[in-house]
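By letter and in written order, the chains are A, B, C and D; residue numbering begins at 1 in each of them.
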């Protein structure tokens, strides 16, 4: 049967997500947040999620809705500080010990996800050596410098925002919209993309930025 | 001064390569061999080179000319078998102990170069565990599987074939021409690209496949 | 459609037999030699992407003379075309795809397969010839399933299904299934399990041509293939 | 052009001073806050690429209202434009660029810098607030040169150039140069070496505002900047 990854709705795309899933969420600085899918995940009501998301508190991302709804038991991120002096819902949960947090340097976060999709179980990096964020991790010298061993991150589901898709799941991204989306798709067992437009024709190989084999389902996100 | 990486000739581009340099050479299966630059390196006459090249013996690559000219003391590759039953010049030198060889699985070769450009000194991979190609290397268990530690590869010079360039060194590649070129450019102190055409206008960001910051010099290779 | 009897499968028939087991919508990598022919024999209606190590995701048919482009090659340096929806990535990304477990099936040629799944397919120990490993180790270690197509014995009659490999290994414990000219064999924690035996051949005869104990699956079937002229 | 005397440099003047040292054809990453203003004060004729952690290589000026595109942002979520020759890569590739030593200069804000180059710029230990490290550790550990722009002392007068950092570290032994409102200071194996002191200020006075010994470079100069209104 001809490969066709288009599904009717975000709800359909996420119907089989299970409690306890590890979920990647793309987006950075206002670009590439899969807010249609995040909203669908909230409505779906899945519990005890581990979110792997660069920022747990970015104001343009609906990630906070999942957290406020009590669906999240753990967050892996590089940023979890709410704006202003008052505590954000995330910070309140964190203070109350109701949510677990792993904070990683952003490049380690990205590389660990890339490793998760690339069959690399762990890699050494100079980033974070001698800091609180690598406390307890293995440090090893190569040449004249110390490096820390960082494990790969893999997940059950990736929610990715892109610009266009075709039936094969090939994706294009606008400007800085890609950010973590491509590596997240590679590291997840199931990857779902929401896009501005779905092309009737295959996206030419000169334009595709992520091979469709990394994407399992595509949903149109009406603007 | 406006950035402009275009140089007049391949000879000019390689004038300052020193004896003993580690040189990356792009290309795979007939696509992406920087033969103009390889020829220039032969004419330049640099000695005691370490070549990092996927195949030391591919018939469409001029790599063999460097080897036959006695300019090469070591090769790091995934393929070094000459066609036919007779020994190739490379194999004759190898048999005579006049050239050193490191053979790596092709994916380890590519990933080690990528690591070299990405600040990763070493990474674990499942590839090659229990085989002759990883003999003596550290093996470590993650989860239920054994992995081998592979070091990054860095070099002094990368010779890369691409399709088009602009004055900033941004590159596009045709079809399967990219292969090892992009990662080789990132792992070399000096990266030189030969291209079919140089665009007067900047290559649009939607088309550029390698950021020009990885390329130091660009040469036009008349077809 | 008549079937071949007692005659061992030829190379293209082995490729055909293997092709019958490729699931719809798979991502498959075909090794050099016999495995490449697998693409010609997919079951009708199955939509499959073929990946090539040099970064082509969606290899199409070989290029006809008027369509040849020297930049559009596969890992065997063959001038190929792209299928609809094909993309092309660089080598580091391609092997990330392979090593990361995104290839559903890697179909490889082999010299030997051991009862524990060890694979030897890259080094025949030809004196003085240089090594050529290419992407074999990556595919063997990285694909979700590794299938082998090989003759059941060498030309001299030595078994290729063995207790342990005598040639240098490509990867340990990786092979899941073997398609030979005489049988279809699964590699399981309990060793070789035969699923199909060449029509007209007895289990005992197959056992004599194998270098390690064979178990016969309950309800094992006769192996046959439609007539296909062998490759040149 | 008159120069400011004895008045400490304001934030934009500190950015200006730092900008004077950016070499032609550099690749530079500017941290949030004060460092962002550096882009406004490059020496005439210097062609510089600004990289942003989210993958924009060649950040141009802020977008004017009619040019705003919410997908074209920098690491500070600012709506920006692209300069000629700009490219955009994904986050993993962007941090490969950063970690791989391809950024010539990373200019960061800081709370404290130690005499051995240790940097503290990410965690003020505000009770109960969540952590926010972003790309700071990657930039500090990965760039070829790390420069810091910060006031010489805290608002309460405590030194920010210290013997060892009291706040959590961003990276060890990474800072090469510090631009403050009072001085330009190199961090060397021998500790802090002052290159410039605010015009009219004595070395002794600068030393009292510093938390670790200062060495004064032979031929150290007075620090001054053209008048620039401070940022809001």
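What we mean here is this: a contact is a pair of C-beta atoms (placed from the backbone, for glycine too) under 8 Å apart; a residue touches a chain by one contact, two chains touch by 3 or more.
Quick caveat: nothing in here was measured; it's all calculated off a predicted structure.
Participant: Looking at CA centres, what chain is most distant from subunit C?
Facilitator: When every chain centre is compared against subunit C, the largest gap points to D.
Participant: Could you please state the distance in Å, as a whole number, between where the Cα atoms of subunit A are centred and where those of subunit B are centred?
Facilitator: Chain centres of subunit A and subunit B, defined by C-alpha means, are spaced 33 Å apart.
Participant: How many angstrom between the C-alpha centroids of subunit C and subunit B?
Facilitator: Roughly 30 Å separates the two chain centres.
Participant: Can you check how far apart subunit C and subunit D are, centre to centre, with Cα atoms defining each centre and the answer in Å?
Facilitator: The computed centroid separation for subunit C versus subunit D comes out at 57 Å.
Participant: Which positions in subunit A are in touch with at least two other chains?
Facilitator: Expected reply: 111, 114, 118-120, 125-127, 175, 205.
Participant: Could you tell me which residues belong to subunit C and also touch two or more other chains?
Facilitator: As it turns out, subunit C has residues touching two or more other chains at 88-89, 96, 98-99, 142.
Participant: Between which chains is there touch?
Facilitator: Those chain pairs which touch are A-B, A-C, A-D, B-C, B-D.
Participant: Touching subunit A in the complex: which residues of subunit C?
Facilitator: 24-25, 27, 45-47, 49, 51, 57, 82, 84-89, 96-102, 142
Participant: Could you list, by residue number, the parts of subunit B that touch subunit A in their complex?
Facilitator: Residues 111, 115, 118-127, 142-143, 145, 147, 151, 175, 205-207 of subunit B touch subunit A in their complex.
Participant: Which residues of subunit D touch subunit A in the complex?
Facilitator: 52-56, 69-77, 88-92, 94-96, 98-99, 118, 123, 128-138, 141-142, 168-172
Participant: Going by the contact rule at the top, pick out the subunit A residues touching subunit D in the complex.
Facilitator: So the residues of subunit A touching subunit D come out as 28-32, 54, 56-58, 60, 78-82, 87-88, 90-91, 94-95, 101, 103-108, 110-111, 113-114, 125-133, 163, 174-183.
Participant: Can you name the residues of subunit A that touch subunit C in the complex?
Facilitator: It comes out as residues 1-3, 114, 116-120, 166-168, 170, 186, 202-203, 205, 208, 211-214.
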